[in-house]
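I've put the structures underneath this note.
What follows is chain A paired twice: with chain B in the first complex and chain C in the second.
On to the complex of A and B.
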């Protein structure tokens, strides 16, 4: 540890001050001269054909400058090359309530809003699908014509011989788990400002600059080029500060393209910022998932096989769906040693906003099911739940049965840490009435080893330039979204160059200035952009070292950089043979050369001076620039071929150069009268390889546990007839400071052989353990197994009463939260008595309504 | 682009006819513009036995005191304080997140009391002392609350931070040595999605000990 001067030190974020003063600018804080405000007209129907759009009345409104519809940019796009099924504005069909139909650009928000009311759209309403298992049976009125049975994609993987293992098992656990839909609810609403320069030759719109609240500026540049039919070099995407993404800004959101289309039509800059309700419609969150899980074990608790069937309610477009459904299966591996796996995954289209990537992409819901079932098995076999996890550890380095390479593996220590810190052995089962402890584990990728656009291109490239005064500028495409990307970049550059953090300035995420980086998602930035920074810094360092070596009369390999000084190896350990303060050395360079009369320039003095024992960082930089010319370096990172996974269909998703590991213990109490669950404390141990900035790692662990706790206890998107019933921050209940359990983050460092300084993922992996840890603690407290998340008072109470044989609480559609069968149309206590759009004949809700002789 | 489309030429011309300035110029001066007909005095109507003024629906002149400075603007009476701050006076520290008093990201002080700027009409803020996050720095120095936020990792994405900073400042002014209960209560009106509540609580405790 002491080998580092910057890595591993608790470091305030390099952009923290600007965020506290209001000086930091986010996209919606920006304005341009002549800027117009864009507002989008959304579909009121979940599934309908657009017969006619008449915007003449709206166009006549004073202050309206342009109105655009699907015809203005008909090229399809989508984040995945296999999923180009979206149009920025609907061409012929709308597929969910909130789908984008038209956009008005006007001189004020109020005028734009008024104009929306004046656009006449004639729809032909089509039958809509809301339940994925029903949607899978569809023959007609398909959501996308080319997706038979409304199945976006299905995968069927068999590794090893699961049938045999199930036959030979001592015990088989089986159950259906349902995880309801959650969304990112980032504080900053999506916002985009688009402006065309007028081409001085043609007088037509020329270069496009887009400022956008995005995690993926380079994908945005690519999709803009596709939809607007413009070369990428004509498009500049700049990412200002981003007010939280969590995956919700990791793909191109319609407004980002619509703003550009509107700006082109209006011949003026256009800014669109979503309202909170529109953010909920834009969604791309974690899909509702039905997980049928079966686990085979031996008497000693060794897992011999797992069989999972997962149905995801993907919404109306592909989005990241193919990746999500693959992650759900692939990440059954690489946490424990499971020799036989069968996975059947179905990503299904329904008439609701598209689901996409959200913190812990693909793994969270399946992990909830798996870790809950493992707890049931432990109880059944009379094993300690911590012990059964220990008995199923991997023995790395290894490659799992489904082709995932595992090197560093801090899971055993994570389990050890949380067991000790929570005093698990003494306190488990001893907490008294209605209180309990639960344990669960999770893991996550440190970036995907295969990028979504298959190519051999490095996933991250970083350039470094050093000025003559020793100022270091790092150009990185990595997107700071609050996770500390810029700080991490500065730390790695400073540590490698042996200079102070204050010298380093990070220029990030501007497609004109910074080299390509595929974005901030799947926890790839520290591992990949970090490694690229390290390599770029090493390249520059080499140039400085060769110049410094000549000055110090030693070999370049013997030059050591540390704390703003450049030493000869052996003279180092922070001390030179003749101790001199660096500042003194800087001002009186030749003062140490006895008997010489000091004359001429500083450089002349240096030349006269002869051999030196050390140089200041500035001196070394000047020497290098004088010798090599401008001091620049480039580094890039591509995952090694060994880490890229197997050859089966869908093998591309899941492999990562390194996995993070997490173990958590949650302490809860349950109010048996109200069903309310209170989380008192969570011990969260996370193996992040090496904590480059412990304060940031702790912040990310705590943040993940918070978000997991939200999904465990409160958060749920409530649907009725394709209409979101809770599109507000109070109705969609994410935890506030009043529900404040203490989270004790515990950093475990397994030092990955390929991570930058050994670092790997730390921002997502912890989330997946929180939900099952809480579920298992609820079981420990009151003896009920909840198979449906979130564990709202309503569900807990229903399960408690059923167990006691008390008068039952009938949840909507008679769902039993300990054995849910299918999705409920609305999960909370909300009642919707409206008639709603026409349901598809296959939808059972329609049949039930018909049987009951009317609509409820 | 689409020269057959009347819309691209129509509206700017109309604006020019009406105001004698280009659309771009019009936009620049909108808000204090002579192009907008002013209502000199509000119309008075009788309601519930007394004469009450009716403002709007057009723009009316308003005057504000924000961060100790006087500001004038012509705004529709329906404009919220938040939109006035952000769109008219370029004070973008307060953020628009929910626009309906759910999250506290727009928190400012009105006569030293915290208010949600998104749910207060600008017209009602006239004659009051409005304080926004932009005024907290003391010269080159961060306010003790801001400094404590930096030192305690109390912001990640930072979008809720200005609102929290103002709410914390108000609470520290009221309870210089806040109890954990004061802190819980004092922060209850603000939401953070990154989960930095822990850092914020530490920051407040630090300011409480050191004194603001």
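On to the complex of A and C.
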């Protein structure tokens, strides 16, 4: 295939050893002399005014060093410039069960925890809103005073002439879909360690260093500066190893700021690590969504228009909400050729933990609805579900009706691959009783073309330094969160410089050392930080080439770098030329003996030797350093103006320099007696542009399928009066390797013209296809159309009963999962329930529980 | 969260353990710790003293005594799964044990701990009921065998007295009978949403002996007497109709994963399947 030596090779992650042996350090592994432990007091009420906080009893407890509340850092913040509606610690109101009220820093976790119980808070309980459609009618007791009807933001987009298209359609499908709420459930709970330099004379805090489990060190530095009223230059953010983010660490999480506030008050380092229950409250996951979808088609299956109304239950704060609701509309485009689109999106506030960005941000729930409805249309028109998708392909290069530029487009091949490998044509309809196949497609951005902070700054900048030791050090702000960012960086640098991977050291995500990168989210790192790395490496390479060219007596353009050697063009083809004796001697000596003196004398000797036919990488570097001084290069990336989208309100979200494409076929069987769905196999084809590291791409595809399968079959945050009923991993299950079906990842390479070596994204796009592929397979198996996810055994059975006209299963509140109208409030288990904050005495649910004989 | 403060003792003999247990009002036995420690971390349990019985020798064994198998209270779930004696003489227990939680839980959790805990969705309770097992409790007054039928008295509550320790579980040899355990796992915890343990002696024409133990459905595990009554002396064809009566006489629990109605339905399906499997008409 290609003549790369590192790109496209199955490469072990460069940080794998530390993670697998346990030697690697995550934030919670870190300690500092004199470090205190912080614990946060959370609100037990979904909506209440704080009348008074009395922490005197807690303060008196031995071992308690500081207690901070909202007054200690009153500046509001939020990840989006339009959504500065959060306080690290509540100022006057709490807005969800779990909201942050106070923090104790003490010499031990046990003391801090005990102190929490001694803080007396007086609340005035306010009416609360839990259902988004109810919340939208609110006139009084608004969650945020400036958000009328509790609507965070609504958008109304019309592209083309949808009304006309609906009028001229041969068939119109219409339905309401409900996707319940899911969360990231990353393995590592959030953790932050904050330490100020304390001036030993004045006792005043000086520079601040924060170690944190974050996907966005630069945004964290920015928000810390805002809330703590400190210049950014006085703040250093370091990201140690991170155990998974999936979007849950892609914004500033309250503990990251609270730790710093507490450290400032305590004049000592403070570490806070969330418990799993707190991770659930911090949330920022995928909002439960109501999607009213209408699709117009012609007889041949050509889609002529789509109308979508999406209501997202955003929780109590804006978070990424404005972006999420925009993605849900924008990503109706750029998968298929849809000439007319109407989109009405409502991001609604409710008294629940804030939703934010989660893998497949904004697209997943709408894609579930769309791909399910497309399947319904295919059945109605008697078309093969794979065929109807083929009939609606885009013809790139093109710009969609809503302004998204598409250049590389591997969707046709993805469909082809999964159809062939699953033997779709031969097996569909032939699998026997209660078994079926379903297909669905999806896509995602390779980074947002417009940064959330509107500015002209590059989205990624990378520096490279090479010194006489021959080591290549890459300084990047890109955040490794387990997805392989450091490995990708090393691979691109090594390939470009023609050196071995082992020579490259990646220094990442330390705001004092590394240039700004806006973070690991929206699948932007490979495309953007990768391009920046490529450019930085090329800049250094140029310097080495010019020195090497002088040595080898050729033009700099004729110098070729490969496998730790530097050749003249033409000398490299196929075999490497026999090395010259003196050169080899020089390498081994300089390799073995340290010290400038010897190196210098060898250098002198080399100078005397005259012309060379090839140089080792080290020799070439030394030659260049002798010539230029230290070698450094900088590269940066900003998306091109052509990729930045249209001009309408909200046009900034959706555009990307490149889109990934996926198609999946799922094979399932349904137990018609119990409603249990078993996924037997998923064929998942993904167009990632170019697979820089195929094993990594496959891992991302498989992980996406698992996460999609979780949302399809079992993951659901269950709410009752704003209380999360399943805030723990013994109640909320994300699938892991133990329950994985066979997943066949299929890599499709469309080689994008602007991606680094043609690469696009591969870690989010696949997820959205899994849910509808499973839904469509269930239809194929047993003939039911599930419009509410997840497809739990109970819901499946209820739908089966309804279809057979058998006595219906009465789901809580009589919901029909094939035609859900609204979200349900749930009972809740007697014994699986997390402890959670206690209910307040006025809460009717508490009285009911008491009447029912306690709720332990 | 971290547990509240507590004292810890690890006696070497049963009598020392018994003494420690009655020395303090809120002393508790610690066995495998896989129910007690999570509860302490959530501060749902705040014992002042933990009496760790894992160092007492002679509480971990599986041996055949006449037509019974005796199992020491400290025998882990994993040991039950891999016991040749049980596989041969009383396979219902290992069948169910292999479906408890995950490997870590099976390596630490003990049969005595599981029975004493009496979790409404634990697996063993259904099994000991179906087997007509005997649970041996020892107090300072001596040994007291308790019939499984009398043991489970409510959610997390048993006939065990506060100063008693379970030392042994005695199950009958079931050779010549057929057994089956069917379970619907909660996807996250692994506990039984419904678990059905069945013991059966039957020919194609006639069911002679039948015992059905149910867990997960109500406040505590119970024998499905209505099912048993409508099967005894009847042909195998009666199974489906009988199974539908499995939860008629109990207070069925509902939760966010499975409503009471769904749970009841599931119990009927799994009861039918377990009976059919034991009868050899389903694999």
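Rule of thumb we're sticking to: the second predicted complex is superposed on the first by the 791 of 856 C-alpha atoms of A that agree within 3 Å, B and C clash if a C-alpha of one lies under 4 Å from a C-alpha of the other, contacts with A are read in each partner's own complex, and residues count from 1 in each chain.
In this text, a residue touches a chain if its C-beta (ideal position, glycine included) is under 8 Å from a C-beta of that chain, and two chains touch if they have at least 3 such contacts.
A quick note: this is a predicted structure, and the numbers were derived from the prediction, not measured.
Undergrad: Touch test for A:706: chain B only (first), chain C only (second), both, or neither?
TA: The answer is first: A:706 touches chain B but not chain C.
Undergrad: On the A-aligned overlay, A:792 touches which partner chain: chain B = first, chain C = second, or both, or neither?
TA: In the superposed model, A:792 contacts chain C only, not chain B.
Undergrad: Looking at chain A, which partner touches more of its residues: chain C or chain B?
TA: Higher number of touched chain A residues: B.
Undergrad: By the touch definition at the top of the document, which applies to A:22: first (chain B), second (chain C), both, or neither?
TA: A:22 contacts chain B only, not chain C.
Undergrad: Would you check which partner chain A:267 touches, where first means chain B only, second means chain C only, and both and neither mean what they say?
TA: A:267: touches chain B, not chain C.
Undergrad: Looking at the overlay, does A:275 come into contact with chain B only (first), chain C only (second), both, or neither?
TA: A:275 contacts both chain B and chain C.
Undergrad: Could you tell me if A:729 is touching chain B, chain C, both of them or neither one (first, second, both, neither)?
TA: Both partners.
Undergrad: Determine, under the contact definition given at the top, whether A:674 touches first (chain B), second (chain C), both, or neither.
TA: Once the two structures are laid over each other on A, A:674 reaches chain C alone.
Undergrad: Could you look at A:714 and tell me whether it touches chain B, chain C, both or neither (first, second, both, neither)?
TA: second
Undergrad: Could you pull out which residues of chain A sit against chain B in one structure and against chain C in the other?
TA: In chain A, residues 110, 275, 729-730, 738 are touched by chain B and also by chain C.
Undergrad: Quick one: in the complex, what on chain A touches chain B?
TA: 12-13, 15-26, 28-29, 31, 33-35, 59, 62-67, 107-108, 110, 184-189, 204-205, 241-246, 264-268, 273, 275-276, 481-484, 695-696, 698-699, 702-707, 728-730, 734-738, 740, 743
Undergrad: Once bound in the complex, which stretches of chain A touch chain C?
TA: Residues in contact with chain C: 109-110, 113, 275, 673-674, 676, 713-714, 718, 725-726, 729-733, 738, 792-794, 797, 809-812, 826-832, 834-835, 856.
Undergrad: Quick one: which bits of chain C touch chain A in the complex? Just the residue numbers, please.
TA: 1-2, 5, 38, 42-44, 102, 119-121, 155, 184, 186-189, 191, 253-259, 261-262, 265-266, 269-270
Undergrad: Which residues of chain B touch chain A in the complex?
TA: It comes out as residues 1-2, 5-8, 11-12, 14, 23-24, 26-28, 30, 76, 78, 86, 90-100, 102-103, 105, 132-134, 136-137, 142, 145-146, 149-151, 153, 155-162, 165, 184, 187-188, 190-201.
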